[in-house]
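The same chain A turns up in both complexes below, where it pairs with chain B and then with chain C.
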Partner chain A sequence: MSAAWQYYFITLLVYACVNLIAVWGLNLQFGLGGILNFGYIIFQSAGAYVGAVVALGPAVTGGFQSYILGANLPWPVPLLAGGAAGGLLSLVVGVVALRPRRIDYQGMALLTVGLIMTVIISDYTGLFNGVAGLSDVPKPFGAALNLGFVSYGWFFVGITACLTVLMYFLVRRLSDSPWGRQLRALRENPRALQGLGVHVGSKRLQAFVVGGIFAGVSGALLVEFIGSWSPGAWTLDETFLFFVAVVIGGRGNNLGVAMGTIVTFTVVLEGVQYLPLFSYTSVAEALQIVVIGLAFIFFVAWKPNGLIPERPKRFRGREPAPTPSFAIEDGNPGGETR
Partner chain B sequence: MNTFTLAIGFGLVSSASLLLGAAGFTIQFGVTNIFNLAYGAVMTVGMFVAYLVNVDAGGSIWIALVCGALAGAALSWFLNACVFAPLRRRGVSQWAITVVTFALSWIIGGALLAAAGTLTRTYNQPQYRSVHLLGMILTTEQLAIMGVSVALMVGLHLLLRYTRLGKEMRATAANPELARTCGIRTSRVTSIAWVLAGLLCGAAGVTEAINLGSFDTTTGGTLLLIVIAAAVFGGVGQPYGAMLGALVIGLSTELAALVSPNLKNVIAFAILAATLLVRPNGLIPAPVVVAEAPVQ
Partner chain C sequence: MTARAPDRFDIGRIAGAREEVAVALEVVDLKMHFGGVHAVDGASFEVAEGVITGLIGPNGAGKSTVIDVISGFLKPTAGNVIYRDADIAAWPADRVAGAGMVRTFQLSSEFPRLSVMENLLTAMPALRGSTLAGALRGPRHWRRAEADAVARGYGLLERFGLEGRADEYAGELSGGQKRLLEIARAVAAGPRVLLLDEPFAGVNPTLAREVESALAALRADGLTMVLVEHDMGAIERLCEDVIVMADGRVIARGTMAEIAANHEVADAYLGS
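Take a look at the complex of A and B:
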């Protein structure tokens, strides 16, 4: 296999893993907790920016890019910093944006947060180099290993894959835990959950922050692979695609949304490139969005539970729960006593 | 005459088009209970239809404004008839409807991008005479936009307050089930609310594009931020609150632009954030029936 093809597959694999981590975060927020986070991409972006400036050396005055921090710290500190940044930003945003009673109201607030972040980052060049964005982000162990372009790529795929598996077990543990079951209850019937003595607002905020950490980690990982990051890399289109992935895959089911991600990002977005070109690229890209949007509406209307629906959890020695809102109906309120 | 009064003048002009947008957004939300994130895309369609009439067909900007508004109304009606009404009949939940409006904004945006490309466009219009008024300098065109806006708002007030249709709309907004039981054809009222909202939305899009001087396929999406900020400030679903919100946001964004043009969107956002913090359900909260029914 030629180097170019190998590198193509490396890119494909890394992007797929990054998107998987990100979509699990959104699944915690939207799939389990029912939060319409239309600004999801900004938390990934926060992770990427912070991950990048932590890995980069101090900014040179009069250099080609200006940014804050510049700590020059070794891997995996940028990754952790990225996750922390995603979580922190989620906390700050969540405290304000999750205040309204209606979830669509919250979704609107988060959408406007997403819009305004793009404006702020683009306008205030001192923060993260504005529209031009950051570049030359050092790669993890890049200098120490001294590998060739392609072999380093495979090394990076290895790191990414390990991290993705780790994150999968983490997200599975979280969503099967009593905490995750409370989130499902929050989605299905917040008032019943409140009646059981759970603070709905803080539960929602917790889900929001944990999802934000996932987003931050995915962003930090991505920026280390591509080496640069600018406002053009995180338009609201990406948020929309993550929502498509969650709904098509199966809202609330971690494996389902993983499949949704592969279908949406890898098969549909990449596969289109291999179709015969019928027009110039921008028209094809625009129509791609139209087609994905229509498919999405189709799923919402006719297959709202997605390709792999969420399964109600069965407990040993109990009757199987009839609906996903088992946490309330099986007589064990949210399982928080265990 | 100083920059302050000048900025107030600009603020009044941008409030005028914001009034249309926020009122349309809020009426549609109040009656249909759908938080329509595709509203910005409909505004953009209005701008482009007006461009077709104004530049390609050579019509005057005022005919273009009417056509843009009508296009907004038609698209809005179409969205309700072909997407939202069927989804509602299928019993699709509230979150799904909101996500669908989000998807629709992408579909419309993508279709526009495919049809029109990324080019920035400007309307074709003569140089209008400028008028000095209380230290503000306004063109006759801007005065006309303000006139149109005020006239439409007065019309809206009369419609909601004194006509049978207005009464039916308010009843549907307050409690759709009860309204239906009382013999109001709520599906017809909903349909009319979509058309009315679309009309205001298209008009808001075109007037805003005139104010801005140029537009492209993403302009409406960016404007949505300011429209939402105005609507939320007044309490979504409250037409009079939205009018007040538009005035506050319009004036404060222009005054902030005196300090730095970058602050314009930031200040709109700051007002939105402050509103959410202090009065999360708006200055004039929506009636409890509407606000709490579909929490899911």
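Take a look at the complex of A and C:
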């Protein structure tokens, strides 16, 4: 296989893994928690920018790019910093944007935050070099390994795959737990959940922050691969595609949304490019959004639970407890606060 | 503020009985105004421990608003709700429920895409793994506690006639079964006081009898309940003590027989 084809597959695999991590984060927020985070891409970008600047080294006065927090930290610190940036930004944004009780208002607030962030990052060059963005982001172990272009690409695929598996086990651990079950209850009926003693605002914010960490990690990983990041890389279209992946795959089901991610980003978006050229040169790009948009509408209207629907956990083979007690016992042996 | 501890009161003055019973809940001069609308306008009453107190009245009397205020879903314009030596009038709903006062809703409020058993587990107080830190510690941290909770959940399902439905989506139950599930879920939360907002609404007669049996069984266990209901037959069969509201105020209190003989109550219902 030629080097060009190999690098093409390397790129596909890395992007697939990055998108998987990002979509699992959105699935925690939207799929389980019911949060309409229409500004999701800004949390991925926060991770990408912070991951980049802590690896780029201090900014050079009069250099071709200016940015804050310049440092030369070893891998995997930039990745962790990216996750922390996504989580921290989620915390700050979430405290305000998740205040409305109605989820549609929350979604509008988050969309607005996304638009404001885009303007700030683009216009204030002192932060992350404005519209031109950051470039020359060093690759993890790039200098130490001294590998060829393609060999290093496969090495990066290995790193990415390991991280993706790790993130999958993390998201599964969370979503399969009683905490994850409460998130699904929150999605279904927040008022009823509150009436059972659960602080729904806190629970929603937790889901939002954890999802933000996933977004941040995915951004930091991607910027290490492509080496650059600018406002043009994070548009509302990207957030829409993440939502499409969740809806097509099966909201709330981590394996389902993984399939949705592969279908959306790899099969449809890439597949359309292989259609024979029958019109103007950018027809493939235009078709991508048409095909994805139609698929989204189809699933929302006719198959809202997606390709692999979320399934309730089964509990079998348990004997009933003798007589349930209606009294609350003082203290909380072995329990946790809600 | 310093709350007045609910003391014991003579249930005889309200229900014809002779013994003194403890007060589980006391509502003092409660007002809930929405702009110019006085939904609750100075309601005061006590709820005796271990019995079902009926809260009745014509539409718009303020019954459900009282339940919303007591359960923390509405902050009152004025007045106090004394529960376990504290004024809980300003507490949010989750804190009220956490303190043991749990409610059901007028409209079915199951979690439809969760199974029946998952609905119950969601209500179990402070189950291990329900915090983010607990979830991160993994299944080994919470599996045993969940197994115990599941066993308790099966016991509740059996008691409420929902055995065999544990793994079904709650949204696929019939209207009456949803009511039963909602009451079972509230019981799973381990309440000291259960507030029931029209549990018979929209339930067919057969299942209504099951709901009534379930409530009678809970009463036999000594659970304190407040029942808002329009079905006077059910109120008569279940409630030792009945409070009548009209225009946001308490206009009468007593046994159902006493209430039926009260002219002010008849006027309120008939509008004469």
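The rule we apply is simple: the second predicted complex is superposed on the first by the 310 of 338 C-alpha atoms of A that agree within 3 Å, B and C clash if a C-alpha of one lies under 4 Å from a C-alpha of the other, contacts with A are read in each partner's own complex, and residues count from 1 in each chain.
In this text, a contact is a pair of C-beta atoms (placed from the backbone, for glycine too) under 8 Å apart; a residue touches a chain by one contact, two chains touch by 3 or more.
Computed from a predicted model, the values in this text were never measured in an experiment.
When the shared chain is aligned, chain B comes close enough to touch A:G107, but chain C does not. In the superposition on chain A, A:S177 makes contact with chain C only, not with chain B.
When the two complexes are overlaid on their common chain A, residue A:E188 makes contact with chain B and with chain C alike. In the superposition on chain A, A:K313 makes contact with chain C only, while chain B stays out of contact range.
In the superposed pair of complexes, A:Q206 makes contact with chain C only, with no contact to chain B. Contacts of A:K303 after superposition: neither chain B nor chain C is touched. Of the residues of chain A, those at positions 187-189, 191 touch chain B in one of the two structures and chain C in the other. The part of chain A that touches chain B in the complex is made up of residues 34, 36, 38, 96-97, 99-105, 107-109, 111-113, 115-116, 119-120, 123-124, 187-191, 237, 240, 243-244, 247, 282-283, 286-290, 292-294, 296-297, 300-301, 304. Those residues of chain A lying in contact with chain C across their complex are 173-174, 176-182, 184-185, 187-189, 191-200, 206, 210, 252, 310, 312-316, 318-328, 332, 334-338. The residues of chain C lying in touch with chain A in their complex are 71, 73, 92-95, 97-98, 100, 102-103, 105, 109-115, 117-119, 121-123, 125-136, 138-139, 142, 145-148, 150-159, 163, 166-167, 169, 185-192, 218, 221-223. Those residues of chain B lying in contact with chain A across their complex are 35, 37, 83, 86-87, 90, 92-96, 98-100, 102-104, 106-107, 109-111, 113-114, 117-118, 221-222, 224-225, 228-229, 232, 236, 262, 265-266, 269, 272-273, 276-277, 280-281, 291-292, 294-296.
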